[in-house]
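Scrolling down, you'll hit the structures one after another.
Next, two complexes with chain A in common: one pairs it with chain B, the other with chain C.
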Partner chain A sequence: MEGFLSILLVATLAIAGTSRSLDRLRRSRPIAVLISGGWIWIALGALLGPRILGAISAEIVLRLTPLVAFALGWVGLMIGLQAQRSLLASLPAAVRRATLVDLALTIPLFGVIGLVGVGLWSGERDLALLATPMGLLVACGLGWSMETRSLRAGRGESDGRLSLVIRAAGGLAAIAAISIWGIGAALTQRDAAGALRMDAGLGALTLLGCVGLAVVIGALARLALQIAGGSRADLLTVFLGLVALVSGAAVNLGAPPIFAAMLAGMVLTNLPGIELRRFERFLLDAEHVVAVVLAILAGVLLDPSIGAAGALLAAGLGLGRLAVKPGSLLAAARLDPSLRRASRSLRLASVRQSPVALAVAVGFVLAAPSALSHQLLTVVVVAGLLSEAIPLAASALLSDTPMSTTTTPDMDREGNASAAHEGEAR
Partner chain B sequence: MAEERPEQKAGSPEAEPRAAALLFIIVSDPGALDRLITLLLDMGVTGATVIESKGMGAIIREEMPIFSGLAALLPARTGSRVVVSATSQQRAADVLGALEREFKERDRPIAFTTAIGQSLGVQI
Partner chain C sequence: MKRSLLLTLALAVVMGVVYATLRLAPESLEGALDAFGERIESTPEGLRGSAGAAGLLLLGAWMFGLLASRASLPKISGYLIFGTIVGPSALAIVTKTQLGQLQFINDLAISLIALTAGGEIRLRMVRKSIKVISLVTGLQVGLIFGAVTGLVYFGFETLGLKAVEDSGARLALAAIVGAIASASSPAAAIAVISEMRAHGRMAQLSLSAAVSKDMLVVAMFAVVISLAAPALSDAGADATQGAEQPAAQVDQVQGEAVEAEAPPEGAAALAAKIVRELGVSALAGCALGIGLAWLVRAMRANLPIFVVLVCFGISVLSEAAHLDALIVALVAGLMMENVFQTRTAAIFDTLEELSLPVFCVFFAVAGAKIDLGLLASLWPAALAIVGVRAGMIWLSSFLGTRLAGERGPAGRWLWTAFIPQAGVSLALAALVARTFEGLDVVDQVYSLLLAAIAIHELAGPVLMKIGLSRGDVEEASEPLEEGDISSRGGGH
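This part shows the complex of A and B:
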């Protein structure tokens, strides 16, 4: 009964919180910042959670793992469906450059921070036990928040172009983050005694299983969409069935549902002959509702007893974002000089943590429930909060100078030629 | 030369069945457009303009992407269509009736008419 009531409460809050009647409120910039990162809902979850009101307990959330896995599968499928081959091939060079630089800078830095930070915090020296938290923090560190409206100072062309780069590169980085998390989680398995160990062989089998699952899901989806009618009810039935199947199978394989579902989405969207427009639209319509559900659950699962070590780790991750994330957009601006004229606050948008981090961290808690996993979720949330606050504070302190203080006519001509070529290529 | 129409009440086809009306049909599901066009042809509407559009709800949602960053580069695949046709009041009323019969309520497009006062270049 408690489980049912918890589901009802979370679902009601999610639907109410994303209703059209709140659209006007969401257009306020402070509210947009609070919503895009899920902070309002995380706070609500913490309020309802075991440490304050006790309306929803962490144990109940863990017992509802199949439903949470379903929500994570939904997110994964949504992200995977955006990975169309033709779209990825036609991405502007600035978007690809921003993503690659993000990967190159974030993975080593956050890998070191995660390995050293969690090692010192937990006192653990076994690499197998440190690999998963390290992988979690790397995955959470990749990419950035794709919402830019709250940071756009102006409506000029430069702001518009940079917003598009931020959104598209953020989307691409989300795919990379989930892939890294999925591969890392697959390589770390529990043995018969329940102890974690690195197992490349079993990990490879798990990954092959995920790929096979994705292909099967793609084939089933194709058949189901052909049989189903065109109504929303038919699409809903097909969709719910696919997500449930891929999420459940992923859990049984020992792989993260978000990863397996993303692979399934990637296969599905690149299969010929499937009309996916309505399917995609259906997924996107529910994007905010699912995000609110995951944020509330994250709030419930928080463990504030991270101590000074955990707080330092979170601060390190936040400062790490400030150190490397602007570099990604700077690298993109070398290919598109118009990006350099974007507003100062927007240029720091890449510092803000991606919402995918929350989904990955919640999945980690469900897959490996322990005091450390709850605390790592809290670290991710605190790091995310810092990553929201730092750009706001920094933009107030920094003078409003463009990305590059000097530009030459040659650089501008090069950028214009590059932009024209990209336009022709599309 | 612009053709003048007598004053008329919109939505009163019985009074002025041959009077002109501008028929708007908003299809939020691009997949239903094919059915709609077939229906229009069946009802004798042989000319219409189809405009790709986007609902305000979609714009509001796209301004705040959570997980759908790449979807920003796929606008045409999730947009709506607005079908506009200048036709007679009677025919417009027939089309609205057919939409009511052929589409279930939850799948039904939004449709309405306005009166046309003057027109140029179109035979109604």
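This part shows the complex of A and C:
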């Protein structure tokens, strides 16, 4: 009973949170950031959670694992569906450059921060035990928030182009982040005594299992969607069934549902002869509600007792973002000089943490609920909050002269190609 | 043929995926430590596997339902049979503990089905047909209750039940079986009517009568079980617990057991309590219907999720407030359809879309709970109850329609709509088992009930489909009256 009261509460807030009446509030830039970044929902979750009001307990959230796994599968499938071959091939070079530089800079830096930070925090020296938290922090560090509306100083061409690069590269980086998390989770196995160990052989088998699962789900989906035809009820049933099946099977395999579902989405979107437009429309319609639900659940699962060590780790991650993320956009600007004329506040948009980080961290808590997982989730949230504050402050302090409002056909084409990566609130 | 083969192959793949991933599942994390040296919390048994089980039941049942329809069976029969195949008593791909974790789908389904059922009932038609509905409902409950009670009372040992010396206790048990046998399944009725897109008189009559019958049976059951408790306590049941709790637990027929209130003294007081609760539930349903009609425009963008939320809300809040979720949802649906039809059309369109996945899982879970071993050992006794019940259903429908002057095809085939049993009957049976836990003969009665309900679950929808197809085909040639046909398209 308690569990379902919790679902009711969370879902009511999610529905209210995505209603049009809140759109008026988004006119204020700080409010827009708070809402678009999900921070207000995380705060609400924390308020309702066991530490403050106790309306929703962490145990109840864990008992709702199947539903949360479904929500994570939903997110993964949505992200995977964007990885269409033709779409990826048409991405501008600047987008690919930004993503590659982000990967090259973030992985080593956040890997070191994660390894050293968690190592000092826990006093642990065993690499097998530290690998998973390190992998989590790397995955959460990749990419950035794709929402740019709250930071755009003007409507000039450069701002428009940079926004598209941010959205497209952010989407690519989300795929990379989930892939790294999935691979890392697969390589870290437990032996019969429950101790963690790195096992490349078993990890490869698990990955193979995920890939096999994705291929099978993709083939199933093709058949099922053809049978469903134009019937909305049948399409809905197929979609819900596929997401539940892939996320459930991933949980059975011990793999992250978000990873397995992303792979399934990637297979599905590249299979010929499937009319996915209505499918995608349905996914996108519910995107914000699912995001709000995950943010509230993240708030409930927070454990503020991270202490000075955890706070320092979060600060390190936030500063790490400030150090390397602008570099990705600078690298992109070398291929497209017009990007340099974009507003300064927008150029710092890549500092903001990707919303995928929250989904990955929530999935980590559900996979292995313990003190560490709750506290690491808190570290990720705090780091994200810090990373959100920087561009917001910059936006408030720096004055950007609006550029001209002319647009070019190239920008329109990029807009079409990257529209599927849009993470802005509607 | 090719499509059937592809569907069969796809089904095998779906089952194989879940089976394989379950077999490859890593060991439980219980006892493992994290990097802080803290223990990783254990999760309830069956929780992790239930996500995959839900996917299997949903997608697999949908596919099997399509196969069933190609064999001219109703799709819900396909959902039930699929659930039985993958359930604990057959292939055991879905386990009992996993089914326990999927109980929330039951709660969602009951509310959704009741909302849909309410939306299918036209008060104008009910007013015109009140005589036939009342007669059929009253006769059915009376005749089935009387006949089955008599069968069990006089054929106690013949049916394989352990002899009970005390005639009062024997009568009490017989009456409990009779009361549960009186119940039908509005859920199954809605599912078959929706699948066949039946709009005619028989569909309307069967739904109205099934719903009225359900309310009457629930009230009757509460009275029966309260009167039965003292008689059974003499037979050595856990009398204290049983005698104190039955009336309050009846409030939660659809959901989990809750803490019992102290029951009122006497059958009259009990009946008043039930009427009061049903009345309050109906009022709550009215308020809900008005609220939904007001909110629907604001929720257009997220209507499917809003509807799911409403269904959950009805289940959860009804339990908290000791209301009957079925009545609340039913009256809300009635209110929306008959008072705010234009405003709430979008809600019913959404309900129609959502009903398919919900039916798939709901009936697949019901099928998975069928105990084939039990059925194999008790089928003769169960068949006796099934036969007597079916006979009384036919007789009461025949008499009721004749006395009300209902001469059309709907009257001839109406009886088929009351054969199916599902959720309500199972919940009442489970309530009996819980209330009188510890008494061996009650366990036997419970098993017998499950076996009979299983037969009704499997055979009932098939019969109803036959009845609807013959009733509606003949119905189509008769002139239709304004207001009898839904203004919505599709399955409404």
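Here is the rule we go by: the second predicted complex is superposed on the first by the 388 of 426 C-alpha atoms of A that agree within 3 Å, B and C clash if a C-alpha of one lies under 4 Å from a C-alpha of the other, contacts with A are read in each partner's own complex, and residues count from 1 in each chain.
Note that in this section a contact is a pair of C-beta atoms (placed from the backbone, for glycine too) under 8 Å apart; a residue touches a chain by one contact, two chains touch by 3 or more.
All values reported here derive from a predicted model rather than from experimental measurement.
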item	value
Joint occupancy of chain A by chain B and chain C, clash or fit	fit
Which of chain B and chain C A:T12 touches, first, second, both or neither	second
Contacts of A:D199 with chain B and chain C, given as first, second, both or neither	neither
Partner chain in contact with A:E147 - chain B first, chain C second, else both or neither	first
Contacts of A:R232 with chain B and chain C, given as first, second, both or neither	both
First, second, both or neither for A:I79, with chain B first and chain C second	first
Partner chain(s) touched by A:P355 [first = chain B, second = chain C, both, neither]	first
Chain B versus chain C as contact partner of A:L242, first or second or both or neither	second
Dominant toucher of chain A (residue count), chain B or chain C	C
Which superposed partner A:A69 touches (first chain B, second chain C, both, neither)	second
Closest Cα approach, chain C to chain B, once both complexes are overlaid on chain A (Å)	5
Footprint overlap on chain A, comparing chain B with chain C	20, 232, 285
Chain A contact footprint on chain C (complex, rising order)	3, 6-7, 10, 13-14, 17-18, 21-22, 24-27, 29-41, 43-44, 47-56, 58-59, 62-63, 66, 101, 104, 107, 255-256, 258, 298-299, 301-302, 304-306, 308-309, 312-313, 315-317, 319-320, 352-357, 360
Complex contact set, residues of chain A against chain B	20, 23, 26-27, 32, 35-36, 38, 75, 78-79, 82-84, 87, 91, 146-147, 149, 164, 167-172, 174, 230-232, 275-278, 280-281, 284-285, 287-288, 291, 355-356, 359
Footprint of chain C on chain A - complex, ascending	1, 3-5, 7-8, 11-12, 14-15, 18-21, 62-63, 65-66, 69-70, 118, 122, 124, 126, 129-130, 132-133, 189-190, 192, 194-196, 209, 213, 216-217, 219-220, 223-224, 227, 232-234, 236-238, 240-254, 257, 285-286, 289, 368-373, 375
Residues of chain B that touch chain A when the two form their complex	29-32, 57, 60-61, 63-74, 77-78, 104, 106-107
